[in-house]
Amino acid sequence: MAETIYDSLTQLGGPASIPASPDQAVLETVRNPHPGTLYLVRFAAPEFTSLCPITGQPDFAHLVIDYVPDELLVESKSLKLFLASFRNHGAFHEDCTVGIGKRLVDALSPLWLRIGGYWFPRGGIPIDVFWQTGEAPDGLWLPDQGVAAYRGRG
Amino acid sequence: MAETIYDSLTQLGGPASIPASPDQAVLETVRNPHPGTLYLVRFAAPEFTSLCPITGQPDFAHLVIDYVPDELLVESKSLKLFLASFRNHGAFHEDCTVGIGKRLVDALSPLWLRIGGYWFPRGGIPIDVFWQTGEAPDGLWLPDQGVAAYRGRG
Amino acid sequence: MAETIYDSLTQLGGPASIPASPDQAVLETVRNPHPGTLYLVRFAAPEFTSLCPITGQPDFAHLVIDYVPDELLVESKSLKLFLASFRNHGAFHEDCTVGIGKRLVDALSPLWLRIGGYWFPRGGIPIDVFWQTGEAPDGLWLPDQGVAAYRGRG
Amino acid sequence: MAETIYDSLTQLGGPASIPASPDQAVLETVRNPHPGTLYLVRFAAPEFTSLCPITGQPDFAHLVIDYVPDELLVESKSLKLFLASFRNHGAFHEDCTVGIGKRLVDALSPLWLRIGGYWFPRGGIPIDVFWQTGEAPDGLWLPDQGVAAYRGRG
Amino acid sequence: MAETIYDSLTQLGGPASIPASPDQAVLETVRNPHPGTLYLVRFAAPEFTSLCPITGQPDFAHLVIDYVPDELLVESKSLKLFLASFRNHGAFHEDCTVGIGKRLVDALSPLWLRIGGYWFPRGGIPIDVFWQTGEAPDGLWLPDQGVAAYRGRG
Amino acid sequence: MAETIYDSLTQLGGPASIPASPDQAVLETVRNPHPGTLYLVRFAAPEFTSLCPITGQPDFAHLVIDYVPDELLVESKSLKLFLASFRNHGAFHEDCTVGIGKRLVDALSPLWLRIGGYWFPRGGIPIDVFWQTGEAPDGLWLPDQGVAAYRGRG
Amino acid sequence: MAETIYDSLTQLGGPASIPASPDQAVLETVRNPHPGTLYLVRFAAPEFTSLCPITGQPDFAHLVIDYVPDELLVESKSLKLFLASFRNHGAFHEDCTVGIGKRLVDALSPLWLRIGGYWFPRGGIPIDVFWQTGEAPDGLWLPDQGVAAYRGRG
Amino acid sequence: MAETIYDSLTQLGGPASIPASPDQAVLETVRNPHPGTLYLVRFAAPEFTSLCPITGQPDFAHLVIDYVPDELLVESKSLKLFLASFRNHGAFHEDCTVGIGKRLVDALSPLWLRIGGYWFPRGGIPIDVFWQTGEAPDGLWLPDQGVAAYRGRG
Amino acid sequence: MAETIYDSLTQLGGPASIPASPDQAVLETVRNPHPGTLYLVRFAAPEFTSLCPITGQPDFAHLVIDYVPDELLVESKSLKLFLASFRNHGAFHEDCTVGIGKRLVDALSPLWLRIGGYWFPRGGIPIDVFWQTGEAPDGLWLPDQGVAAYRGRG
Amino acid sequence: MAETIYDSLTQLGGPASIPASPDQAVLETVRNPHPGTLYLVRFAAPEFTSLCPITGQPDFAHLVIDYVPDELLVESKSLKLFLASFRNHGAFHEDCTVGIGKRLVDALSPLWLRIGGYWFPRGGIPIDVFWQTGEAPDGLWLPDQGVAAYRGRG
């Protein structure tokens, strides 16, 4: 097929193993095909898992990431591998969620970004963490993430 | 009002404190107004709590009880007090659910009974317990209890 | 319009006040237009209310009635008035639900009938009552009533 | 029937085959019957499919388009054919969604438009894309699109 | 395109007006492409309306039809026109639902058929009607129709 | 009963046939019992049907009307008859929805009004139409109409 | 137990019959334990019923009341009895909903109040009524009442 | 990694283009790792599309396939490609659904198989098709497919 | 593992019994790992129970707490124990909900906090209580708590 | 506390790290407190993850396990650790699900057991696997697992 903005990518298409840690993961980017157009990209990642840094037990979360691209888009396979790199990494809920958001900000320099972390309950009490880089840009369409509230049983 | 099948009750109407333990709770009964008619009575009790006998931590459950009365109905206020008597009582999930069912069988001698215990998750894994006294009687109408499955987050 | 099976009815079409009690209500019937055909008629009555015979306080229920007509159908306006006649009548949950079913059996002599009473909670515990006249006829299609389980809050 | 604003249309009513590509599709318009009235038209298109430009594999999306007509309405059959023209066309998620929106803007010169693209997951992570032409006009009624969040399994 | 089992149809493809009454509607059929294979075809028709034969007021229903073809399939456009022919026709709920089922039985001679009529409430009480031609054939897969129960408000 | 604001009505209570067209329908009004109080009245009309002016085929919609009364309320039976008068009337989706809203504005001179038309899909794509008379008055409580988004199948 | 802000109440704890009419009902109050703190209290009352003043037929509604207390809280048992006093009282939907709100305003002098009345359908069309005393106070947290839209059947 | 039952596969892992037609698609199989164990495998395929053989317009369906393996499992990437091969292929709803089931039976010789096809509406009426090879084996656990019923709008 | 901000905690990790009363519970804190970053932390606590101070009967609630940390985070196990300490403590709904919020404000000095208390019904009427410390900070992302409205039965 | 059936356990209460592989995990058991009583225990495990043995990429599943104890119950913390031991283990969906079921059968010798594996989609197509040890015992109450069907987007 024709030359594309994806030609420089190293992880897409070929086999790619899970990075051993978030530090070793590489967030790759592609040029935004609509620079100057204010739009939102949302990723839902219901398959996130990390470890509790105190007990070593697995934690699970459903993450949703919203961002407004400036010059760069994140390449989605590299995002998937970055998220998978937390598999054997210890991280607290609040820190991990905000940290993933900041890592994306570093890689993409987006016009705006937010991340919601919806964690599975521990001790009967789930934690959600919500961070954004600031007020959303004027004129942006920003739907609710719509993740269901936790309700226990019954 | 007129004399009723409720006249012998001691807990209904007046103030009644929570029994200190299940042993001290009294399940009161009234005469079945439709003896010989095969019908089902269902109680949903989403406000159940007991203690973990190992750790002393609170446990919570949504209980649903179905029974087919023979000569007796359970008086619902005494049922409420009986369930509340587990508040400071230690009980394992499997044992507690089946035990409540058996206690009701002793008090009511119903034609048939079942109990579903839908417990809040511990360690990320909720336990449900389902017990019935045997095959449901022929000709009984027995709808599903319809309690939603646990799904974690997202 | 043409003469119909509804011509003998006294309550349909004209103004009709709520009967003062169930005893004064009249369940009117019309001839089954498909005698010999085994089919089910379902009424959902989410607007049912009666009084507690002990306390005089209002009770509310969602009732669902399923029946298989033999020679007669119940006329639906007379059914509505019959149900409304419980408005200032005292009745226990179990008794009232089964009693309404039996009253319909008397009026219709149906091939089969069942009634589900889904009562609003008292003391945190709702009661459901399920009665049917026996095993459903062979070859009848009988869908679940599909009324949601009670779940408290959250 | 009477002469209508639809008389100039070429695709409506007769047989119409899928255009071979978006370039060959024609978005037809009709005069807005309520010019000067600020109202919103919403199309939900759950039957959208295109191809991945890298792998050639099919992609699927649920699209929802909202716009405020100025002098023109889009004729809905031509919209359907335009969307169907992506069937064998390669397009990235972000680019495709914004591009469809811009194509409609070119054809309709609406007072305002937005498009939401809700794409099926790839690599476990669905992408949603949200674009609008700017702040919605003052006084416009603009309900949420209400498309459910992705949640994986369970 | 190639000659098909649809070649004899008179309503498909061309313009077709709503028949003035059910009597004037024609249910067209095509040969079953899998004769001797026991399978079920389901139609959901949420756009059904007729008139009350007493008051002349409109009635609405959601109909679901399940059948097991023998030698014939119903052609779906003729089914749509047949259902639309009740638009200005007076029909009672019970009679109309069963009557539509019987009309399809006459036209298709299916191995088995059932129809569920889910009518909008009148007087606060909706009526559902369920009819089938008899026990479903052994070995047939017959999912629940899954139409939500009526619940009033709240 | 006592003299009321409803005494001048001509359609309420007695038998009333469906007007032959919207032009022949009469929207009757009653005096607002709370003039000077800013409140909202909502009607949900899931039983709306009209005809396609091109093909003559039936269309169906779920309409929701919100308005803030000034001196007049619409009498609900006359509203029902007005909506029923579209039964054999040809109307495009966008035009019909906005037109019903404007007709109500003419009859009621409300402080504010909006109408949402949620039309059943044609060609796989449903159309929704949303119109309001302008910004809602300051201090008005205006909940979302909460009508579910269309989602196709699955 | 210790002396409380509830000591002056006359209806709480003892038996209390339904007042014969709203006029005879007494809304009792207790001192706000958090005066000067801006918070919201919500009551959901799905068990409301009154009579139609024209026909005498029962009406049903689901009411939700939100208020911001100033110096007084409403005592909830007296609220329940007040609502029950409409049982045999004639009241139009719009008038009744707004009137209950105004009665509470008289009794509580709250900083702010709103009431939503979600009425069961009559003639296929339910009415909702929404009233508030004015703009909500700055800094108040005021969630949506979240009552489901009416949808008829299917 | 170690030699596996997947070693003979030709489509898995490498790039694979969509077969031009169902005839050219190859359903590959692997050995059942639990032969002699009666278990069920379910595939949900919400991304299915084909063409109408009469009009050439796209059709969409949500397919769910259940089977009990004997000696072979279907390799899931080859299944995905087989389903994608209908993209530019004309097929009627009833024929297509049953035909896919029979093609899988030919390839797998399963102990039992069923397929549900849930098609998007045409003319306002969706079609579902349900076929199974016969009665399910005794002792098989066979949950409902749980696909929501179509409901139009509102 | 490495030294962490959790090193000073006394309740985490070891066995911890339920404090006898809220006064005896200790809310422990840890340093905020992202000071200066405006983000929200949400806890859902569906397992809350206290006693009615008048009757001594158990009350149940689903609590949701949202806060914006300044220098401190609450340690979640100490939060769980604090909430559990209400188990045998008498507290009115309005007072208890606001009081828990204020206790957290004292312990955390957050930039902002809100608490929603969703109480199970008593007398057929549930109470919700909503309190926040003031307007949410500019630029904060604050999703709706999304707790379902109470609806009684049906 | 008193001596219990849990006294022989080695993993409960103390710290326990994730076993390196399923082979190294130990499923511990306790004596069934109700031997001879036919009841069902259900575990829902929405936090399951393993690796694809071909690609090394993470897989996720929601597992639900139902069993009827004979002499032994599984200790739930050891079950949690056993499931967590698949975290870095390669396993195919069909094999893994059935294999977990068989491992539990070996450890518990239950009267009956079934396991449902609901896997997250790969290639747009999720796989579910359902296995049980045979027909459920007569007289057992066995509710549906109630896990929602996958539906893609929209």
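By written order: A, B, C, D, E, F, G, H, I and J. Residues from 1 in each chain.
Following the convention adopted for this analysis, contacts are C-beta pairs under 8 Å (C-beta built on N, C-alpha and C of every residue); 3 or more make two chains touch, one makes a residue touch a chain.
Bear in mind the structure is a predicted one, so any value in this text is a computation, not a measurement.
Undergrad: With one step meaning two chains touch, work out the least steps from subunit G to subunit J.
TA: When the steps are counted carefully, the minimum from subunit G to subunit J is 2.
Undergrad: Shared touching chains for subunit B and subunit J?
TA: Touches both subunit B and subunit J: A, D.
Undergrad: Nearest 5 degrees is plenty: how much rotation brings the CA atoms of subunit C onto those of subunit I?
TA: My answer is 180 degrees for the C-alpha fit.
Undergrad: Taking B-J as the reference interface, which entry in C-I, F-J or H-J shares over half of its contact pairs by residue number?
TA: More than half of the contact pairs of B-J reappear in H-J.
Undergrad: Tell me whether subunit A and subunit J, two copies of the same sequence, contact each other through the same residue numbers or different ones, using over half shared as the line for same.
TA: same
Undergrad: Report, in whole Å, the distance between the mean C-alpha point of subunit H and the mean C-alpha point of subunit I.
TA: Once rounded, the distance between the two centres reads 49 Å.
Undergrad: List the centre-to-centre spacing of subunit C and subunit F in whole Å, with centres computed as mean CA coordinates.
TA: Taking the mean C-alpha position of each chain, the two centres sit 33 Å apart.
Undergrad: Per the centroid of Cα atoms for each chain, what is the distance between subunit F and subunit H, given in Å?
TA: Chain centroid spacing, subunit F to subunit H, equals 45 Å.
Undergrad: Which residues belonging to subunit C are in contact with no fewer than two other chains?
TA: Residues 46-47, 55, 60, 62, 120-122, 124, 126, 144-145, 147-148, 150-152, 154 of subunit C each touch two or more of the other chains.
Undergrad: Could you please write down every pair of chains that are in touch?
TA: Every pair of chains in contact is listed here: A-B, A-C, A-D, A-I, A-J, B-C, B-D, B-I, B-J, C-E, C-G, C-I, D-F, D-H, D-J, E-F, E-G, E-H, E-I, F-G, F-H, F-J, G-H, G-I, H-J.
Undergrad: Please output the residues of subunit G touching subunit H within their complex, sorted ascending.
TA: Residues in contact with subunit H: 149, 151-152, 154.
Undergrad: Contact residues on subunit C for subunit E in the complex?
TA: So the residues of subunit C touching subunit E come out as 1, 4, 6, 12-13, 32-34, 37-47, 62, 64, 69, 73, 76-77, 79-80, 138-148.
Undergrad: Within the complex, which stretch of subunit G touches subunit C?
TA: Touch residues, subunit G against subunit C: 15, 17-18, 46-47, 49, 55-58, 60, 84, 87-88, 120.
Undergrad: Considering the complex alone, what residue numbers of subunit D touch subunit J?
TA: Where subunit D meets subunit J, its residues are 46, 60-62, 118-122, 124, 126, 147-148, 150, 152-154.
Undergrad: With touch defined as at the start, can you tell me which subunit C residues reach subunit B in the complex?
TA: 53-55, 90, 92, 94-95, 97-98, 114, 116, 121-132, 134-135, 144-145, 148-152
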